[in-house]
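Presented below is the structure to which this report refers.
Every chain is named by a letter (A, B, C, D and E) in the order it is written, and numbering of its residues begins at 1.
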Amino acid sequence: MNWHRYASPANFKRLSDRLLPWAAGGAALFLAAGVWSGLVVSPADYQQGETVRIMYVHVPAAWMSMFVYANMAVAAAAALVWRHPLAEVAGRAIAPVGAAFTFLCLVTGSLWGKPMWGTWWVWDARLTSVLILFFVYLAYMALNAAFDEPERGARASAVLALVGAINLPVIKFSVDWWNTLHQPASVTRLDAPAIDPSMLAPLLAMAIGFTLFFVAVAFVRIRAELVERRLEALRHARVAGEAAAERT
Amino acid sequence: MSAALALVARDVRLALRTPAETLTILAFFVIAATLFAFGIGPEPQALARVATGIVWVVALLACLISLDRLFQAEADDGSLDQLVLAPAPLELLVLAKCLAQWLTTALPLVVVSPLVATMLQLSPHGYATLLASLLLGTPSLTLFGAVGAALAVGARKGGALLALIVLPLYVPVLIFAVAAVEASIAGLSPRPHLFLLAGLAVFALTLAPFAASAALRQASE
Amino acid sequence: MSAALALVARDVRLALRTPAETLTILAFFVIAATLFAFGIGPEPQALARVATGIVWVVALLACLISLDRLFQAEADDGSLDQLVLAPAPLELLVLAKCLAQWLTTALPLVVVSPLVATMLQLSPHGYATLLASLLLGTPSLTLFGAVGAALAVGARKGGALLALIVLPLYVPVLIFAVAAVEASIAGLSPRPHLFLLAGLAVFALTLAPFAASAALRQASE
Amino acid sequence: MESTPTAGLEGRALACRRGGRTVFRALDLAAAPGDLLVLRGANGTGKSSLLRLLAGLLAPSDGRLAWDGEAVDEDPAAHRRRVAYVGHNDALKPTLTLAEHMRFHAALRAVPGDACAAALDAFGLGALAGVPARFLSQGQRRRAALARLVAAPAALWLLDEPTNGLDAASVEALARAVARHRASGGIVVAATHLEFAGASARTLTLGAA
Amino acid sequence: MESTPTAGLEGRALACRRGGRTVFRALDLAAAPGDLLVLRGANGTGKSSLLRLLAGLLAPSDGRLAWDGEAVDEDPAAHRRRVAYVGHNDALKPTLTLAEHMRFHAALRAVPGDACAAALDAFGLGALAGVPARFLSQGQRRRAALARLVAAPAALWLLDEPTNGLDAASVEALARAVARHRASGGIVVAATHLEFAGASARTLTLGAA
């Protein structure tokens, strides 16, 4: 996609007008299908019993936590290299969504861990690196909000987003590098997935649903941010105008 | 009196205008606790043994970091001169600032402390006492910290100097608080320790405003 | 090059003019470790179990506290503009500041660390590795910290924000360092962990000056 | 010397030490109700130090400062009530609006907040009352600091280079406020390098010796 | 427009955005060797912003800035070598002496430190060379910042309200330094609210539109 073509706020608005209904509708559809097939159709696991159904939320949430961060890092690079306002706005808009997915991954993993490992939390490499990811999200948002001028916050947090991107491969490969309690990859392997199709289907449906949900929310939030920025600029201009008027 | 209330209202309003500050302190609390978990290693038993100490020390450090600019910010923008020159006694204004500081940083810490306790595998028997000890202990931390913050105004390496001044004052608070929590985990009554904590708070409340005011008057010379 | 050396000399001279700052960091190191000894209780075994972690976490927090104003002080008094406008590459000047910072705060920490280790009953088998891990690990702490300090220039809540940014970057350093010390206490070779620490330092050395310079250029806009 | 107590501010043989160095000594000054005393002198002669000393922020190392004949350090609280000090910094919080600043200042000085809006108007800040301070330019910030003088009346105004960064219209607004204050029996002491408008101003030049 | 490259500094259609707001745009300026360009305009019209932009601290959101006909952003290092900037803050460390400040500045700008003592003398600071900066008054600090200009020569001086807080003698010293710099082919751009002495100064008024 030619980023620059859609990068003007007006073009972005037109694009998002067109795509938003599809993304939102698709998200609703896939999520409904995923929930239904995950809770009703798919079988319980022969080892884990009914608790395996947590997977249909946990695993897509985990994927999204990394996917959103990757998006944020790309937006950060674009913001730093091209200084494009839309890229700045995009990073700020999607960070809380990513943090929410990460939180969801942590909570569902923790809920799952209690029956499976007998504890809410262990300091295992994968869990730890996801927790760090969550902290990096928090730091990103805090840094973004820490300045009086939004541009400054956007650019500072973009640098942080790029530095923090080192964490993504650590999360992804931590299970392979260290011996841990956590499951190694069974779906996203280079060879064939080692998971039963009756479980794979709802999992994929949920994953697509989550992704579309993310796209829809991102559209809405980016547009809200753009409106906010315009309002701020207008208020600023009005203040300056009134000050000038007052002087005469 | 109304000057003090106005100051509390102003500081709380400042904190609400930039909620990122409170949230940052909370994040520090959680992250520093995590660091200790890393440092000590993953076995739940080892962690549980030291959980009380770590929750409390980390809460204490979070308080300390949040105090960094309590008066320095006022000095930097010239507000401190206005506070020192206000007709109301400076001691009262210092108390007002401490109250606002406690409401906007220590209280949120108390609220999230159960989360951190869970992460560090604290025994569930200790939760109630942990909360009580934090509620009784954090006012002393804020008040003693205010003395340090006032002394550090004008010193260039504010943060570290503050730590040096304040940490020894924090030791008794820490000892009694940890003793209280450990007592209830061991099935004993935490009451004597909690009373001592309350006593410390009263002591801090009577002493700290005077010490801090004296330091601030010197700083504005 | 001579500009960078002049900057190192200036910063070291500044530190020597006010030795209280270095001493304060050292005191923080010792006092915070003492706090943990209090928080965890007096049994030597319990302490020894967690000593490595605590020495390292406290050293890390001391580093963090000392970084607070690394670039903010330059920004506040207008020196940052002069550094950014100097003919020498900003990356080089950032490195110079990091070197001076390491010499005046981290190195003294390394020197007193055996004292703190003794207080916390660290097994004597771990001393040599503790020193090695600190020597190899603190440069990464300083360099990553410099990135955080540069990012936080001009932010509203310096101290805690810096902590929030930097602590996630510190976690790998902490993990490898503690693993190295624990390995030699257990009678194993700490070498693989120390190599990883050195690798991290090299990584920080190549990445941090660029990230910090980028952040500083934005800050001076 | 006369033995009847002088009305207003009087300093006798004042001395000031800062950083181990005597900045000035044996300095006498007097300002009766209605007076404007302008402090002049080269850089470093102690104008700012003298203002802080008059405010009670700095203790004189020698000499006596009196108000209506009574030593100021005998009742510091009374002195604080009559002093309004505008220093180099404007004491503004970036996120609070001008109106909030004014109301807080009135509460701090224990006066009703009725005069706040009028004070902002006096310095042409009426339209900016609802604007957070971080949006203001340097000159507007300075005006906000000066508007405090009008919002919370005090007998003795101490102004340290009040015209720094002000444009011509605002300098005039300040002159008007000073004239009104003097007409109602107030005293103004101001340090400045520039000309400072004011009928029958008295000048005290420091470091002339 | 002419196609021969102009000697000295030239800005074409410069625009500056700060805090989401356009401060100025379509601004043209030129300064040939020997020129003094005085920036004027009410508070908030963008004088300081323009100076930071000319220094290369701030990137213009639009337009082109050139030196001797070559775009400045093509070789930022060369531009840094020819710029000397004195902003609002004086860049002084409280514990370092004036002489130490001067020597550090010379090393930073990669010039020999021979001119340092003379530079301090030019601003009447010779006697204070061994004094740590924390003991200086506001005006003395400002003079120390200005003395740097003389200690480390640069082709383009950018001065933001250089006379702030200076007494009359120091304002004259500054005027002398500026004249000498111009006589040797240097360029000076200065923002100020006051009159700024200078033969054949050109004025650029911002926010006049």
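Of note:
The definition used in the following text is that a contact is a pair of C-beta atoms (placed from the backbone, for glycine too) under 8 Å apart; a residue touches a chain by one contact, two chains touch by 3 or more.
No experiment lies behind these values; they were computed from the predicted model shown.
Counting only chains that touch, the fewest steps needed to get from chain B to chain C is 1.
In this assembly, D is the chain whose CA centroid lies farthest from the centroid of chain C. Seen as a C-alpha superposition, chain D sits on chain E after a turn of 175°, to the nearest 5.
The most distant chain from chain B, with centres taken as the mean of CA atoms, is E.
The largest tally of C-beta contacts between two chains is found for B-C. Chain A and chain C have Cα centroids lying 32 Å from one another. Chain centres here are Cα means. That of chain A falls 34 Å from that of chain B. Centre-to-centre separation between chain B and chain E, using Cα means, comes to 46 Å. Here the spacing of chain C and chain D, counted between their Cα centres, is 46 Å.
Contact with two or more other chains is made by residues 18, 156-157, 161, 164, 167-168, 171, 221 of chain C. Shared contact sites, meaning residues of chain E that touch two or more other chains, fall at 19, 42, 44, 59. Within chain A, contacts with two or more other chains are made by residues 128, 135, 138-139, 142, 146, 148, 236, 243, 247. For chain C in complex with chain B, the touching residues are 18, 20-21, 24-25, 27-28, 31-32, 34-36, 38-41, 46, 49-50, 52-54, 56-57, 60-61, 65-66, 68-69, 73, 156-161, 163-164, 167-168, 170-171, 174-175, 178, 182. On chain C, the positions that touch chain E within their shared complex are 2-3, 5-7, 10, 13-14, 17-18, 76-79, 81-89, 220-221. If you check the complex, the residues on chain A that touch chain B are 119-124, 128, 131, 135, 138-139, 141-142, 145-146. By the touch criterion stated above, chain C contacts chain A in their complex at residues 147, 151-152, 154-157, 161, 164-165, 167-169, 171, 207, 211, 214-215, 218-219, 221. On the side of chain E, the complex with chain C involves touching residues 52, 55-59, 77, 80-81, 83, 85, 87-93, 95-96, 100, 103-105, 107-110, 145.
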